[in-house]
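My structure is below; once you've seen it, I'll send some questions.
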Amino acid sequence: MPVLETSPSVHATSVTDRREAAPGVVILGLDAPALAAAVRPGQFVMALPVGGERVATALAIYEASGRRVSLMLVVVGHRTAELAALTVGARLEVAGPLGNGFELDALGAEVALLAGGVGIASLYLLAEALRASGARTSLYYGARDADALVDAERFEALGARVVLATDDGSRGLRGFVTDIPELSTKTFEGIAACGPSSMLRAVARLAERREIRAQLSLEETFACGVGACWGCVVPLDRASAQAPAFPPASPREERAYVHARICTEGPVFWAHELRW
Amino acid sequence: MVRLAPSEPDLSIRIGTLRLAFPTLGASGCYGSGAEYAPFVDLAHIGGVVLKSVTREPRLGNGTPRLVPTPSGLLNAIGLQNPGIDAYLRNDVAKFAARPCAVIGSVAGFSVDDYAYVTDRLAARDEIDAIELNISCPNVGSEGETFACDPRLAGAATRAARAATRKPLIVKLSPNVTDIASIAREVEGAGADALAVVNTVRGMSIDVDRLEPRLGNESGGLSGPAIRPIAVLAVWEVARAVAIPIIGQGGIETARDALEFILAGASAVCIGTGNFTDPRAPVRVADGIREYLIARKWVSLDDAVGRANPGARLRPVAP
Amino acid sequence: MVRLAPSEPDLSIRIGTLRLAFPTLGASGCYGSGAEYAPFVDLAHIGGVVLKSVTREPRLGNGTPRLVPTPSGLLNAIGLQNPGIDAYLRNDVAKFAARPCAVIGSVAGFSVDDYAYVTDRLAARDEIDAIELNISCPNVGSEGETFACDPRLAGAATRAARAATRKPLIVKLSPNVTDIASIAREVEGAGADALAVVNTVRGMSIDVDRLEPRLGNESGGLSGPAIRPIAVLAVWEVARAVAIPIIGQGGIETARDALEFILAGASAVCIGTGNFTDPRAPVRVADGIREYLIARKWVSLDDAVGRANPGARLRPVAP
Amino acid sequence: MPVLETSPSVHATSVTDRREAAPGVVILGLDAPALAAAVRPGQFVMALPVGGERVATALAIYEASGRRVSLMLVVVGHRTAELAALTVGARLEVAGPLGNGFELDALGAEVALLAGGVGIASLYLLAEALRASGARTSLYYGARDADALVDAERFEALGARVVLATDDGSRGLRGFVTDIPELSTKTFEGIAACGPSSMLRAVARLAERREIRAQLSLEETFACGVGACWGCVVPLDRASAQAPAFPPASPREERAYVHARICTEGPVFWAHELRW
């Protein structure tokens, strides 16, 4: 993805609101006017740990409007637990906005959004922008179980068709989000997806099969989040790394690759440029 | 030793012929080329940046995951990803001229000749103010032993690099040894101008769900506050063994952390993982050191270096 | 290897002739004689307690502070305070008969003869089920070098203790070495029945207000979650080098922590600093290991030991 | 001090109330009925860290009545900061009651309590017990400045005379609490003190000079708090360690000493038994 012009900085925010959207999922509203004004869909922040001694946590910017941005926290370890425990009034510093977001223009007028788990957090601003641009949007959203599906109705409120899937079938289709039948039949001009890497690989295969360009927002363990440590790489087609082309010129196996930084060259990549 | 304080204590230091305006540097492999942190800190307010290590040949680096957070620490196994010295000199080095702070090149290798060759080529460039030798790479010629863990090999690598440049030469020691002082003495004898103490501690984390190590490379290097006590002791012991300046590092996040190293005998500090906790760390640390000196009415870092270490050899650092 | 699970997996293990009902022990110097934790855990639900190290002569131990909390860790410098083997045998050992778990005596020394003498006297007592050799003490005859950091000295201490008793002999290794595998091989060759991996990592913390090290003894040993990645890697490497059982330790607080060691190749684990975080830790850890085995339908620890370490040598542990 | 019979255990408590008694000083009320019933003046708990990864924190039990105990937190580092950040409803596990408290009977009918800083937290239950026993009590309480003097009026409410001192003179005498003149003149049968070690040494000298028996509650860095790690020692007269005697039989210099554990043999010791 081409580098967007953003100037990140450390924002001293305070928690304005806190909502437990599901068991183990907390949405924190932050007073952060400069960040709210600067952010583009698909960008993220590094949330600095309150007491130090841990590396900052990469978090998508879930919502942004007026002075407020929000973060969606899925508690999986110490850092997400500490952040999810913050209460209204607590102070939190976040560095951002960081990374290159989605390329809105390249998605066309009929868009499939695919979200797996916490990946949903990266797609709300995109869905908002798509609605503003007049595109028709469908959200395919999968999670562990019904409880773990967060805020699907907020996407519906944006005018998106919403189709759900759960691992245990407790809501929507039983199975993976990429198994939803209409994904193999319905016509789309573009796909944007965010979720665990196994899901994104399935999305890449689907996109390749259907010859639709897909933008994938990747997850990886980050340390710096700003391109300094080279800890967050993904193999990228060497040719694409210089001059992205679609469809790929040479068969998958022969292509040389480079290690690109997800935090800096991404987190959003064209599926066909990845050499997983 | 306590003198009357002028309005501002002097934070600048000297390492051989290298002058640093501040005693705080970005650590190798953690600070990119400095530009990555420019949105967060004014690079004119840090002492310098130690660049990511470069090798003779290009290296793709390790597979992922390359990072695993651990309690108060971070495991990394980047695998020295770099374009190789040729492409580096061609594409990257020219950009470093713009840095308003010192730029220290980091050289890694797998043989004595590698160290000589890469040092020679990199040090020849005007953009590079000094060379740091990263001798903590497994030496393929010697059963995976790292240069930094064997006094003889450490000395040989140092001598080779010394012969290749007259620019200030910093040699970075590993904590994965029983007696770091003996390595330090050998490296000093081989002509190093300063020592970086210490690199990461070897470690591993296992994913008990997937039944395999979390790092793509299986094992990696532990950094961050977890290793700070290990690093402070290493500086303490090295300061008693050699007279050349020490650049302390390992888990520094705050000025008080940095002062532990300085009082043990370090003249400057590198901040690596601390940037991942707060990208403003190096400037915050320098500010805190200044306040500390003011509160004690000390006029320069000379008043602090080694002050808590009665056995430390004297190493004047103020320019 | 995956078999059908009976209702309850077997957590008991065997180390030489020593049978432990659970793979979780209280670590030496951290668990007193077990009685101190009896209000919090049923000692019948831990595998055993490794007693505080005892020496030939009485020792007052170091001055205070003896403890410094560090990020996710703890520095200690107790200085082997103990009444000496005579008074210990006279006043203390008889009480250990009442423990409903294994009681492992820990022997420290400053010469090869110390290890032989104290092992001989302590192992002769029926209350003591096994001996652990704490060889991380400086050898007075050898320039302050510790036994655990020199393969030759480690082997000599082990052989001397081996000659003094036929009870299970565990030798405790230090992480303060470059190549722990070589020490492990030497100690195995010298007749040890098992290895404890690892003791504390050397470290220091400096009080920047008082301008001196925080510990009364200046430097000390770092323990707790901070060192877990270092300890897991040590177990991983030792498991590839020797075939005798390994007792893993270093920063274990939860069952998942313990499982990192077990999957790397440890047959049992010691919990030291983890008790200071939660005095119920050893039982909580054993419960969690049981749940983990059940979830995977594994029937005994044999299914787990070394499972993530393809290079680990086979060491059946189930009785 | 002789071993009192208590049976410590881990109490699962929840925060019932929280009060900022002074800048950086927080009093947490806990619902802990069994602990409240068992505790004696001068005992402490080990507060287990909420997210693990740190050793537990030694804290005096400040108040105890009904189902409630309270802890007074002076924020000096990470652990006290984490505990002080707990809000009402938060869960906290504490192990206790631990240690030997004050010997009430040995204090007599005219008692001087000396508190330095957070040492005040160890003396409130003692003051209550003294009032119940009918003893006359004076509290001499020193702190950094007026702001740091916490709850002095609560001791007054118990009928104690309260005399204050601050390092900067912002309230009460300017100077150390042991400098308060009437401590050198007024008649006391017993002294009980808690505070930093420099203060306790001054109390020990005062007690020796005035030939009054003093009970000192010592502070040291704890790890286990239960006698298992030998990290918290103080040099104790060897003779006293077996059979306490007053006044000491031999001159200070000749006495042999042992290292006694503050958490187990203490935290309260007779001043004349210490060999500092």
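In this document, chain identifiers A, B, C and D correspond to the written order of the chains, with residue numbering beginning at 1 in each.
Quick note on the criterion: contacts are C-beta pairs under 8 Å (C-beta built on N, C-alpha and C of every residue); 3 or more make two chains touch, one makes a residue touch a chain.
In this text the structure is predicted, and so the values were computed from the model without any measurement.
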Any chain touching chain B and chain D at once appears in the list A, C
Larger contact count among A-D and A-B belongs to A-B
Expressed in whole Å, how far the mean CA point of chain B lies from that of chain C is 34
Distance between the CA centroids of chain A and chain D (whole Å) is 53
Expressed in whole Å, how far the mean CA point of chain A lies from that of chain C is 46
Chain A to chain B, mean C-alpha position gap in Å, rounds to 35
Among all residues of chain A, those touching at least two other chains are 53
In chain B, the residues touching two or more other chains are 71-72, 224-225
Within the complex, chain D is touched by chain A residues 51, 53, 78, 81-82, 87
Chain B contacts chain C in the complex at 70-73, 75, 145, 149-150, 176-178, 201-208, 211-213, 219, 222, 224-230, 232-233, 236, 251, 256, 259-260, 263-264, 292, 307-308
Within their complex, chain D touches chain C through residues 7-10, 46, 48-49, 52-56, 77-79, 93, 95, 220-234, 258-259, 264
In the complex, chain B touches chain A at residues 29-32, 36-37, 39-40, 52, 60-61, 64-69, 72, 74, 76, 78, 81, 224-225, 253-254, 273, 275-280
